[in-house]
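After this come two complexes, each holding chain A, first together with chain B and then together with chain C.
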Partner chain A sequence: MATKRSIVEGDSGSQDLKRVKMGKGGDAKDDKFNPYLAHHYEDDNSNGNGNGFSSPLDKLERHKTTAAQASKCEDSDLNPWTGQPHSQRYFGILKTRRDLPVQKQRQEFLDMYHSTQILVFVGETGSGKTTQIPQYVLYDELPHLNGKLIACTQPRRVAAMSVAQRVADELDVKLGEEVGYSIRFENKTGPKTMLKYMTDGQLLRESMHDHDMSRYGCIILDEAHERTLATDILMALLKQIAARRKDLKIIVMSATLDAQKFQTYFYNAPLLAVPGRTYPVEIFYTPEPERDYVEAAVRTVLQIHATEPEGDILLFLTGEEEIEDACRRISLEVDDMIRESDAGPMKVYPLYGTLPPAQQQRIFDKAPEALRKGGRPGRKCIVSTNIAETSLTIDGIVYVVDPGFSKQKIYNPRSRVESLLVSPISKASAQQRAGRAGRTRPGKCFRLYTEKAFKKELIEQTYPEILRSNLANTVLELKKLGVEDLVHFDLMDPPAPETMMRALEELNYLACLDDDGELTKMGSLASEFPLDPALAVMLISSPEFYCSNEILSITSLLSVPQIWVRPNNARKRADEMKMQFAHSDGDHLTLLNAYHAFKGAEQNGQDVKQWCHEHFLSFRHLSSADNVRAQLKRIMETHDIELMSTSFQDKDYYTNIRRALVSGFFMQVAMRESSNSKVYKTVKDDQLVMIHPSTVVQSPYDWVVYNEFVLTTKQYVRTVTNIRPEWLLEIAPIYYDVDTFEKGEIKSALTRITEKIRRRQAMKGGR
Partner chain B sequence: MASPPRRISEDDDYDGETPLERIRPFGTLHRKQIAFVPASGDGHLNSTDTAISSGKAPRQDVADIYLSMVLPEDVKPRSTQNTTSAGTSKDAAPPSVCEVCKLPMTPLAPEDTSQAPEGVPKPATPHETSLAHQLCLPHSHPPSALDRSRMGLTYLSTYGWDPDARKGLGFKQQGIQYPVKTKVKDDKLGIGMEVPKNLPPKKKETMLDAKKVRKMAEEEKRRAARIRQQLFQRDDLEKYLGPGAA
Partner chain C sequence: MGLAGAKNKRKLGNDPNNTKWSRNTETFGQKMLKSQGWEPGQYLGVQGAEHAQWHTEANSTHIRVTLKDDQLGLGAKRNNGDECTGLDAFQTLLGRLNGKSEDVLEAEKKVREDHKLNVYVERKLGTIRFVSGGFLVGDQVVDTISGKKAASEPSSATESAVTSEEEKEETKSSSKRSKKRKADEGSSDEDEDEKKKAKKEKKDKKEKKRKAEADAEPSSKDKDKKKSKKRKAEDSDDGASDAEQSASRDRDVKESKKERKERREREKREKKERKEKRREEKAASKAATETGDDTSREKKRRKGESDSATTSGVSTPTASGTSTPTIMSSSRYLSRQRFIAQKKLAFTDTAALNQIFMIKS
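And now, the complex of A and B:
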């Protein structure tokens, strides 16, 4: 112990200095906590906390702490939360933490936090807000005294996980104990947890069972400027809860963009701003609009490489295909430049969501060295979707190339199609992108449009997700949360009435809401599942078709990214392998076959990773499907939903599954336009679609049920399974009430089938 | 990097310092440089860190400075368009603002009087007849086209949403009225690039060479023969001599 202490003191000399400085900067009233007099009141109330060790925290009083007190706790040799001695690594991290911009305003933050219930906090990227503010709150809320947790929400799962890990390291505790995280299908918290990072969707789900969020003493909504669907709903809920629960504190954290909007929304809550660490960025525009933005982007990257000093390049494009194409073109041209004019080397890395993590990691590699000593320096160029805009920070970027487009989700309630479309970005988004160039030193941003276009054509803010999404799931959650008045529900940006109406109607058809809009038993049960209502309903009704085990597997497989791997250099081979699992009646059934084969290989004790690689399946996604399945199974068991299978030998094995699919997805059905035609028409919405080329279905059938609608240059339906129209009339008679259909082929086809069924029944009755 | 950035496009002339092979353009794409223009005014992102930023004072609007000199102190700078445009008549008569359309009630505009013929009596209250005023009068809108039998509409109506009131959802019913529009982009045109809608199909200018001319002459000849045949053919002769007999 003694040696440990001396080591710690030896390398924390600078901290002592800091501590003194903090003391000066802090309040005058904390002279009682002069670190040099600490021994005087060491034993004041050493038995205060229940942890059985004396902790510097015992002297703190909830909601009356100061920055100096907290710093002192952080500096002590023993971890105030666990009683264990601090590791050496801890002090190393502490030192870097003290350099973060937020640290300077810790006292200011605490003063403001004490004075108000709701606080808007603005900190740019790099200010340290996501990791530090929750810890500042922790030292002030002292959760061990009243057992109320602190929650910090994140829009993305990865962020919740990685930030929780980082903060656990910073507090010198084990992840999952004092600090934990909770995301969909994964919960890493324990009875000791005081600070919990979670996705915003997860907090929303939790609140369905705890309308007052009574487990929490403070809720921090981070990255609120991203305006995700769940964050928007949470803000409206918290506004209501704050009125009921005066002891609940709320912090809304945002990047600078529209902080004032948050302030006004939360009854003019006080605002605290912390500057980030950004350098100025020079912005350039093209003199003329560009005819081809991809080509212009490639040219700009090469131009930077040829003419600008050292520094890495970040280029924003819209999608996988475009990015891979641009990467290839840039690499080829750079090779040419090196050969012809002695340019420096350049590494080009793609970056998009579906890229395997190992390859995503490569963007953090160092830029290549100059080819020879004294030669022109190398650089790296990252070609990314807009994940590099907010969620990911890459140091070393000095040049940003911004063509002004991104893929955005958009929902059209009239055709009921949710699609990812290439759209112009907003001004706020463009500024955010430009800001990426100024992280390490002054940078430059090249916009591939004119300044006039920037001012005139780009909208101010990106539309919040709530205006661009299908709200069926949200409405179900709100209903479960007891929100009845969907008209006056105080959202920051209320959605269009038509979108809301569609959501209500969809839930009505799924029998989750009755005709008066009241939550039914089915609806209440469906909301227990962290799934889209259609999937949840399918899962709940699957025992009626004697195949709940199989539907459970299919549901899990549909809840993870595509399990099929199709590398560019082995497409044909991958397709052949997929055909091994193919069931000619449907992609859903093919998914199921692949899953069963995967489980079989696992049971045979094969090297599953190798097996997946050989069969062009994603091991990562299959195992996460397996995990999802286990979670969903647990929910099914708690709600007494029977798990059963038809015997595999039974001729109805697959038919039952196909019928069960209809029970959830009867609103996603398409009928073939005419026999031998490749074009299908979606039921009720009358959209002309084709079956996505990735399908294995050989289609003797005229009717298919589909999992998703893909709108690219053509309209596709993906993951389809053949069905019989009789099933539609039988399983979803209300939706398929022929009288409600508009005149057309689908109506006449349905009438014919109704007629046929009637005749058959009459014959049976006659006998 | 010590060497200053080179601009290939600008110095085509050999400056005698850089080795020739360095200047030579190469490849296909990087030869076409884009002449970027820096953002105007305060378009650049300033550093938020006070230590780094140059500490420029916020720019005062020129118009504000001018107005503070010209206008009396109690008048707020840049109050409205009206005061500046109708500034001359400002002292003469207090501009009476119409309750309905919030526009100043001026007598007839000068060009109107000049155009009005002598004999026609002036309208009694010309302002009320103006288009702007008429449009601002409260009037009913055509009812919404939504299907009234929809379950969703019924639900929203029970909570006080009126489909015909032209209002959105929300605490003050301030939400958007219509869903965000979907627009498919299936080209690579950059932002601000406009394609004229009915572009006439491009006619290729073709150079005629001897071969083409000969071909055209042949075509012409064949057409003439066809017409001749159609005009002067005789069925009875054709019966004996076969088609094509004149």
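And now, the complex of A and C:
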């Protein structure tokens, strides 16, 4: 109570002033609008703000508010949005909010916001931009007056959810009511929602049905510097929409580094910068290049532990295996250090995307205490992939060790291979990493490369996702969004023409685009599914093969991370367990078996978590697949796609499923090079590939359909299922038009099969 | 890796880049793009857009990747030859052939030898740890830059050795580079210039460190402090980005002809400083109670220490360079040795043996 009062009293001077201002605006009922007396007039609904209660917001005028007015509303006893009294917690949070760096520039922000349609906002991490700016906008847009929502996009689902929760707490409302979130496969908004956090992909999907985004009064693109595919597309779209809809406001929020590029892109939009709360970071380079960056990283960590004062360490490595290995080595050496000399304790935590959330949470644990009183302080060391670079903020990090590598996904439109390779990071990324050391106090960053290497070998910026991805899905979305001219679509970073060609070509073969490039019925339907076009087409055509239920399951399983768990210490047992589910015809069917077993266990009332643990399956991913399946099923039902199954007793049960797989994945087929070789050749692109060792397929088949083609240590096709070449000719005759093939084994094999089919038909006809 | 390296066979197809597809002008995709007004060689997107200034090669063709299947650090090259034994002997000859002056060669040789010695000593004898005890100025001991903090912190000889090595190596690398450039341009003046540059680089590094700790600079270096402050001000003009970034960038950009004069002045001052340092060293080595060490080595180490320590009082564990030997394992060996010793002891002790083998006698 005491804090509240002090705020009230402290404010009273300005309050009077404002009241005078308001009076000029023609408001006679002065007393009634005093927020502190509002509860006296609770049953007086005469001011008609639609909410049925008197609120300090009534005095505000849209797009003319000031920071002082807004903070007065925030200070009031009653929640201006719901009319309910504020909870005690609210004022606690409000106090911390007032300390955020961004708060100081609230007025400046509002002035700028009023003066322009598009605003570029730069705020370093820790400035509070993600939570505060949307609320500032909320108090200015006053969505309850015109019913237009405020959207704030996030690149990551988790961020959208957690930030929405936080902001709901800050506004003292229930999540899902005034503040909600919407992510793929989950929507937590209601009719009252005014502020909506959502993934950028989700906003893009919404705009497919609402080309003008007319539901929204203001759209905030957060973390734009991450340049996700969806954000890039959204920016280009919003640029177009902004010209059509003058009432739509757009805020692009980014980190410092490439703000100028954003400004130029948005017709030299004004820029507002808010400093973050960062401390200087001292940067060290090595004098010579390192011969083994993992070794060097481990040593550096130990050296820091031995010689540097208190503070946690963050080490960036590239992949799961490398991280686990480094963690083991560091812990071993630290144990030695403690035994041999009086070193402080150190906890080592791995951090990577596929780590179960409970273990991910452990990185927020406190550093261990000193072993004895007065002993050397303990610290924690987090060994992470580049997710700790942007996505996560871990306080207490003082030392950063940066070997300069990360795993990056890059798509090659020529061979249609997606590579996930270790490559040097960018300068921007290196700075971002270093910045992680200066969040709580001045820190140090140890770069395991020379300054020369930093200057010469690193590119300036990380390539945006749009340059690194297969664009088939994007092109389909763009077509659905009504973008006709793909060539002149004003993207910030236009993709390589070849990538665009490949995407168009794939869509054409999938019959999503007709020969004139127009969206077909199939294409329009496929774009309704938040899936890759091939998967969507497979799903849509599955009723023709009487197995849409099964294909639906397989599709959901393919759109979640690997369900197989293969811990390092129990690889063999995990593989044995996987073989229990194995279907000799391929991995897709094995996935399906595992899923059916999972559902079976669920129905039998077993402890599913335990069951998954015993069978080396990921409960988390299986249940999210279950969730995805439910969502996809709903979409199928709204578009009248029949759900059916072949009887399990029917000998064609699995054959039908395999045939259905071909209907979507006929462009991802490989043929064995020769009868006893392990090398396969992809159809049309003639790339030599191996089947990924994780497969259950033991006897090699001549023709396989694969889910993905990746380049890791070799060129692999992953998740393969055996098919018959006749199906290819039958199901995808256009793609498998033998005349269009180059001379080679595949062509001769296909010719042979055509002959065979013809002969068989002739025999049938003759009879 | 030569014959000893792991074999890594990889079968390549006839057309691994699938140029067949990219050359095919009849594909649906290409037809579509052309029908919308795209011409081969053009970027997609709005033609002549303002933001096109940032377009790179990645906007015109797919991003090339290389398969990295080793753990080589950034910038390191396989077989970069600095472990090559025997070639040292030819370095002077090769240098002479490249037209280097005797002085340069001598300096290079010295660097190499120092480096070798350091490596040898570290491998053979391990290192002795020292604690920073301030600097002797005149006949008074002055605390280091961050006074008490640094004093309580053990700054080890290992580190200083490493840092000194570092610095040496830096000069080495820069002289290497100069060699290369030299070959390109073939003028002897250039060499001198390069040397200056190398020095400057070194100095810059120091300056940077100093800047990080600028406030706690000892009073004797007032002039320097001013200078660094000036620089700092320059940097902070840049504003937007964080200090380090601007510092490292600015150094490239702003180091222009204007500053040449300044640099020369600085160099002079630096010389003076060095003289002072030497004096300090002498005093310090007298004061040092550590004896029994080979004096020349001591001196060298001292020099390394003062070189790095004067610039940054706080011990800075730099990542061990590639050249640093495997010190890390030594602790493990130590415990192992102890373990073995215990075992041996047990074997000689009959009573213990009897107990172990459960012999009752």
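For the reader, a short list of remarks on this structure follows.
As a working rule, the second predicted complex is superposed on the first by the 720 of 767 C-alpha atoms of A that agree within 3 Å, B and C clash if a C-alpha of one lies under 4 Å from a C-alpha of the other, contacts with A are read in each partner's own complex, and residues count from 1 in each chain.
Here is the rule we go by: contacts are C-beta pairs under 8 Å (C-beta built on N, C-alpha and C of every residue); 3 or more make two chains touch, one makes a residue touch a chain.
Not measured: the values here are computed from a predicted model.
In this superposed model built on chain A, chain B and chain C take up the same space, so to speak, and clash.
Looking at the shared chain after the overlay, A:K261 reaches chain C, while chain B stays out of its contact range.
Using the contact criterion defined above for the overlaid structures, shared-chain residue A:V738 touches neither chain B nor chain C, since it reaches no partner. With both structures placed on the common chain, the touch criterion links A:V679 to chain C but leaves chain B unconnected.
Judged by the touch definition given at the top, the superposed model places A:P377 against chain B, while chain C stays out of reach.
Of the two partner chains placed around the shared chain by superposition, chain B is the only one that A:E310 touches, whereas chain C remains out of contact.
Legend: residue contacts after superposition of the two complexes on their common chain; A:L688 is shown touching chain C, with no touch to chain B. Once the two complexes are laid over each other on the shared chain, residue contacts for A:R277 go to chain B alone; chain C is not touched.
In the superposed pair of complexes, A:L729 makes contact with neither chain B nor chain C. Once the two complexes are laid over each other on the shared chain, residue contacts for A:G438 go to chain B and to chain C alike.
Once the complexes are superposed on chain A, the part of chain C occupying the same space as chain B corresponds, among 6-14, 150-158 or 186-194, to 150-158. Looking at chain A, you'll find residues 124, 256, 278, 280-284, 286-287, 289-296, 299-300, 302-303, 306-309, 333, 336-337, 339-341, 403-405, 410-414, 419, 421-424, 431, 434-435, 438, 445-446, 448-453, 457-458, 463, 467-468, 485-491, 493-505, 508, 515, 517, 711, 713 touch chain B in one structure and chain C in the other. Only residues 10-22, 27-30, 32-33, 35-38, 40, 42-47, 49-51, 53-55, 58-63, 65-69, 71-77, 80, 82, 149, 153-156, 159, 165-167, 169-170, 173, 209, 212, 240-245, 248, 252, 315-323, 328, 331-332, 334-335 of chain C touch chain A when the two sit together in their complex. Chain A makes touch with chain C in their complex at residues 122, 124, 256-257, 259, 261, 264-265, 273, 278, 280-284, 286-296, 299-300, 302-304, 306-309, 333, 336-337, 339-341, 401, 403-405, 410-415, 419, 421-424, 431, 434-435, 438, 444-446, 448-455, 457-458, 463, 467-468, 485-505, 508-509, 515, 517, 679, 681, 684-688, 711, 713-714, 742.
If you check the complex, the residues on chain B that touch chain A are 1, 5-8, 21-24, 26-30, 32-40, 43-50, 52-53, 146, 150-156, 158-161, 163, 168-171, 173-180, 182-186, 188-194. The touching residues of chain A, when paired with chain B in their complex, are 101, 124, 256, 275-287, 289-296, 298-300, 302-303, 305-310, 329, 333, 336-337, 339-342, 376-377, 403-405, 410-414, 417, 419, 421-424, 431, 434-435, 438, 445-446, 448-453, 456-458, 463, 467-468, 484-491, 493-505, 508, 515-517, 711, 713.
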